[in-house]
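The same chain A turns up in both complexes below, where it pairs with chain B and then with chain C.
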Partner chain A sequence: MTIPGRRTRLRGRPELHTSYASELALFDTRAKRVAVAGLLVGALALPFLLTDEVLQLLALCCVAAIGAIGLGLVTGYAGQVSLGHAFFLAVGAYTAAAISGDPDGRVIGFGVTNIAVWLPAAGLVAGLAGVLVAPLATRLRGLYLAIVTLGLVFIGQHVFSEWSALTGGAGVGRPAATLEFFGQPIAATGPFGTRDQKLYWLMLLLLLGFALAAANLARSKVGRAFTAIRDRDIAAGVIGVNLARYKTIAFAVSSAYAGCAGALLYTVTGFFDPGSFSLLLSVQYIAMVLIGGAGTISGAIAGAFFITLLPRFTRELQAWVPFLSAQPNEVPNVFQVETILYGVLLVVFLIFEPRGLFGLWVRVRNYWKAWPFSY
Partner chain B sequence: MSEPVADTAPAGDPADLAAAATASTAAASTAASTAAGPPARAVPASTIAVRVRDRALGTPDAVAMREKDRGIWQEVTWAGYWDTVQTVAHGLLALGVQPGDRVAIHAENRREWLFTDVAAVAVRAMTVGLYPTNPAPEVGYLLSHSGARVLIAEDQEQVDKALEVLDTCPELERIVYLEPRGIRHRYRHPALLGWDELLAIGAEHRAAEPGAVAARMAAATAEDIATLIYTSGTTGPAKGAMLTVANVDFAIRVLVDGGGFTDPPPGPYDVLLSYLPLCHVAERIFTTWFNAGAGVQVAFAESIDTVQANLREVQPTILFGVPRIWEKILAGVTIRLANASPVKRWNARLWLGVADRIAGTLVRSGGRHTAGTRLAYAAGWLFCYRALRVRIGMRRVRYAASGAAPIAPDVLRFFMGIGIRMHEVYGMTENTAVATGNRPGRVRLGTVGEPHPGVELRIDEETGEILTRHGGVFAGYYRDPAATAAAFDADGWLRTGDVGEWVDGTHVRITDRARDIMITAGGKNIGPSEIENALKASPYVKEAILVGDRRPYLTALVGIELETVGEWAQRRGLPYTTYRDLAGKPEVRTLVEGLVAAVNAGRAPVEQIRRFTLLPKELDHDDGELTATQKVRRAAVAARFADLIDELYARRPANTDSDGSGRDGSDRSGTGPGEAG
Partner chain C sequence: MTEFAESLLRGLGTGSVYALLALGFVIIYKATRVISFAQPAFMLAGAVLVTYLAGPVGFWGAVPVAAVLTAGLALGVERVAVRPMVGRPAFAVAIITLGVDVAVRVVVNGFIGLDVRHVGDPWGLRTVTVPGTGIDLQQRHLAALLATTVLIVGLFAFFRYTRMGLAMRAAAYDQEAALAQGVSVGAVFALSWWLAGGLAAVAGTFAAAGASVDAALWLIALTALPVIILGGLDSLPGAVVGGLAVGTIQELTASYQQHAPWLGGNVSVISPYVLMLLVLLVRPYGLFGTREVERV
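So, the complex of A and B:
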């Protein structure tokens, strides 16, 4: 009688869905498809327009965005507040660095420089660490979970600063993973572009892959289970969501994302020391998720770019505001402004737009979507 | 597809279709059946079953209909449609349905309605539609009067109604239910049969006698009764109008192929939403006959309450509505604009003002744009009309029609202004809805348009009654020869019961139903609908019933629209609890007073509403105040609210405290009569 899976779209009727696939489609309207395509083309063309210094910063933004998406999955989608993101970033960074490190060097290294090996390995090891932490999450929630994950950061910081055979020791550090793909260096200045141009493209493409994967996860059964747990875990349990299972999945996936982000993060600068993985880093990622918009992929990306670019903006600010000094020993200086702005922004967003940058966008969109009515 | 003839796909010409029907007979069964056919078959029987079959042969993979099931619009192709119809038809044969038997359907608009309707026609049975809102006693009357042998009941609710009155319907043998929930494993009545089981025995019968349905179809004649359509019965018990295969064919040729209801004529690329009861002739035309006759894709609304949401999803290209629907959409727009943010409100006021001026020009020109209105419309399209039309689900409507009851011209004007080609059309069950329609470019607001080509229509000089005579005029009322005789005059003209007049010699204006015309004590004839509709054009008024027959002056019973008046009260910070409480508020009374005064303005004193009162309850079908089509039963309302009416004609407004004659529990404080205007 009816033909299952048959897809005939009536033109110009975006709300008439004849299959679940079309109802769940990520890019369901033509406007959305055009906008995303335009954005992508623009992003790919950026290396021809910007200086290498800015591109390097943008590459960092892309990596930070991968990490923020990961935190967004566990905190934004599944509602499990985690302050331990810095720990998982560290696990990923050291796994990758150790795998691709020089076997004859000062620190542990296995000499497998292929990104196709160390990137998945970093994700896997961090994900495993997440699975180990997950039992805590199934027993605790809210403030208690936040405190416990906070403990994770402190333990991690202690271990990494003491285990100098792996990390090089506090204040010294070790080289990051090598960007190589089956013997071919990926990011090296050559006839097709400079190192930073290639770095940016690589990170952009990786971000795209991770973002699409996360978006697909979020609209699947798993994603719906996450949202159910966030909205009310007791109710979710009652309707048949296996809380332990899905909280574990949330932590595993989130940590894997963090691991990958950690592995990639320091390939841009090339060197890192255990002092980087402090509570401040965790808070920074929380800020990305909150300012960007909890529970959205595009919000996490926007938040990551916003937070990562913030120092740069404040430095640019100095050219416009003459009484600001670029010297740390003068008052007022840009670093103070940066810190103050950081705090103020968090407060302002949480009070006026808890849905973050994405919430602003939703407001604008809904204003026009309901035109000429208000609802 | 197990249809024996699959190699010819004749085009739209009825003669060709008939030829194909005969050919299929020869192929399907023996030559004897063609030879045995009645020799007087001058008019070949092109039933809707034949039309569906030919569509299934011509465009098997095109979409015939869509229905939302579990959040998804499930599609039925023409091949699937015809295949199911055949199975159902075989099922009906297996149940012993003979030519001329009645098959009743008691369901909301859904796929199975059409499957059953077409299958019944295929086996030469008559389809009888029952309104889903019909209460059990009315179901009993319709089933026993029609003598239906098989009833297709939608769900437990309808099955319960049928079982309740089963004793009064000796001819009813089988009740087929569509939704098993609450019935399967719980009800053990021998008459009950699930839809799946019907399909199963149909498939069995089809395997055993594959040519049986084709043979029945081939034997069909133009004089076969295709359907019994029960009139809503505003005055007495419902009468079953018999429409023959020829009537339906005539209606399809005039209204569908000829563009009588949609000009240019509908085609397979048109989409329409089926939401009005299918047992009414209007929705039957738009859903079943547009679908079978022109291949229009039909989408079934989930329910009458979700029409606006479904409209937004489906965005039909052809939209037929009864006045209540148009009024409701207009009221929704007004309310939502009133609640919009200031910028949006200002924008809407500006562009709706422009729309009103555009509509003014269109009304004068008969619906044709001028360069100026086109320019104004293009600007408004950008800022308002396009978005507005998307919101109300009319972005792609290329032809909209209003019919089945009189409508206030102001409502049509609004839709014309925002760019929807609005046409008032006229017809009735007894003439298969073939009478008049406004044509694009020749629209005359306030009239029901020009007679369709090939239709004889005249207005009686003495009584002013509209009479029609054409191929669509029905065969008579089922089991009611007296009423049939009364419906025709000596020359075979059908008395429509509507009083009207010619406008410019081309368009017909309907004054009112002949029996509704009031003669005041002063001897003045007044058609109440025009005044009532002017009141109902306001978003705050749901019902307006004029009283004044043999009375010194006109008064009105006004029913407020709970939704919009409630919203209005909320904006004013006016607390209320129930409908009765709200209707009793003096502020609401003042609001309605203003509306009545506006309607009175510009009318002759004898046509003015002197007093009115607000109804203390919403009129309801279950209470017998409305028909299944939501038309007011004047006599029932007059009887029920007799004391309210008496107060309206009391010498001075009655004191509510000293009024001891009220019905028990009636609290009319504030709803008492008063002078208006």
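So, the complex of A and C:
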């Protein structure tokens, strides 16, 4: 209970809380509020500073971050290792593409191009797929679950490449969902900006919404149940957490996030084929969560940006390292370096900084908190 | 009937490759309680090494040399990437091996390049006819089955009759008690990775026999994952039985899938995963795995 009119926080005492509301607040300190507001203003202003090409990449980063937050909820918060994220991304992507597709086209399409319809639908269908997988998750633990979800990726890839009426078939593909809001095309070059500028703003705002929703979920009863299951599932069961129920919720929410991310991901590039949803995609998302910092929302976002921007950096690297080739048929080329970096970064982060990028930030913060003393 | 028997025998041939791979997974799991996702990379590395060595020293010389070299690679990975993680969650270590796999496979793929590389096996696609029945059997499958049998008998004898084998069994049973009795658990870890690397190299060679080595070979190693789940993560006989069962079912599906065209082509590729899901719904710890006992 807060007494009205009385200050609940003391200046210079960030750890002192006099009410539950202040302890559970999302942005509990002034520094955090200022930093988040500053970041947001900066991010919204970026389209005036950067070229369209970079903005398109950043839009992809935002979408990847939505997917990574979803995986972070099930793997980072609830501790259920899922290698099947690519499958749920695919479910979302195909749901959205089918709903908004051309009814007279080569592939299944229902012609409902409104984003307010296909985005929630993609999340819903993917979430249902997650609920279907959850019975396996509630029976299995740890590495058994990892392998089963890995099997899901293979089965999904087979189904999607065979079901060419929906997906266009392996190697051919189909157009992605249409970005349109009640008859208004969202991402089209107009007087208020170019396509990529609008795309970036849209994805940034969506990311903001999804991230706030996830952070809210994480601090609620459900989120506390997730962390209890992750830390010790037997203990969680003993204190009254319904394991089957909360594992199902974790999978459903995570898959719904993946579904939305999958639906949005290919609207940026416009075209996709079933080969994209391979095990490597799942590994990339696992890498985003673990490199960013498992069990944190901001970590998942940072990891998604890091992993999505990595190919761009390796391409820049080519200017500095003369023996690297940009041609895929020459050895060594930038694509190989990129894939090796995924693997090596995973290993290095897990060995030296298991808390990921978020952990690095915590180290920096703690250093300056105590500066000029070492602790 | 002939078709059924032929696909059965073919299945035992491919199944023995799976069995070898699965044994590697299970040996590592029993020693370190970790599933090594790096096995596909070792298998590919072994097969590629054989393609390079078969020229100078011949196929029969190349296989053991490649197996020893790949085992050395596995040993190196264990020392550099896995040993620092002792005592950390099994999940983190598994993801590390996944990272190692991705990185090593890119390097190995670089050595495959765009050429068609052959392991130089003496069998190719030649067949022998089983006397009196008219059933054709490919020589490479027979060879794989024989080699697997020899290796399995050797392995089981090693675990049963040698001091190091006893030490490995002790460490798998209770690591701390084994440590207290003077077993070098570090050596057990190292040897288990060494063995798994060598087995993966031999498996890779037989998987590529009669065909060519390409980047997609690693998918065969992933099929060993349903195998170990099917047999139980910590059961060596389970790995062998599971491997043969999965191989047989895969080949039978391949032979009879034309009767169910709605499943799509190549459904045999995913049949192991479907089988795994079905078995797990009935027996969550596999056919031969020990049920996990939870103590609070």
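Things worth noting here:
Note that in this section the second predicted complex is superposed on the first by the 348 of 375 C-alpha atoms of A that agree within 3 Å, B and C clash if a C-alpha of one lies under 4 Å from a C-alpha of the other, contacts with A are read in each partner's own complex, and residues count from 1 in each chain.
Definition applied: contacts are C-beta pairs under 8 Å (C-beta built on N, C-alpha and C of every residue); 3 or more make two chains touch, one makes a residue touch a chain.
All values reported here derive from a predicted model rather than from experimental measurement.
After superposition on the shared chain, chain A has more residues touched by C, the comparison being chain B against chain C. When the two complexes are overlaid on their common chain A, residue A:Gly209 makes contact with neither chain B nor chain C.
With both structures placed on the common chain, the touch criterion links A:Gly42 to neither chain B nor chain C. Contacts of A:Thr18 after superposition: chain B is touched, whereas chain C is not reached. In the superposition on chain A, no contact is made by A:Gly270 with either chain B or chain C.
After overlaying the two complexes on the shared chain, residue contacts for A:His158 are found with chain C alone; chain B is out of touch. Looking at the shared chain after the overlay, A:Thr339 reaches chain C, while chain B stays out of its contact range.
For chain C in complex with chain A, the touching residues are 34-35, 81, 84-85, 88, 90-92, 94-96, 98-104, 106-107, 109-110, 113-114, 222, 225-226, 228-229, 233, 263-267, 269-270, 273-274, 276-277, 280-281, 284-285, 292, 294, 296.
Listing the residues of chain B that touch chain A in their complex gives 63, 66, 71-77, 80, 83-84, 111, 271, 297, 299, 312-315, 336-337, 339-341, 344, 347-348, 351, 384, 387-388, 391, 395-396. Residue ranges of chain A in contact with chain B, taken from their complex: 1-3, 6, 8, 10, 12-13, 15-20, 23, 370-375.
Within the complex formed with chain C, the residues of chain A that make contact are 81, 136, 139-144, 146-148, 150-152, 154-155, 158-159, 161-163, 234-235, 238, 279-280, 283, 286-287, 290, 329, 331-332, 336, 339-340, 342-347, 350-351, 354.
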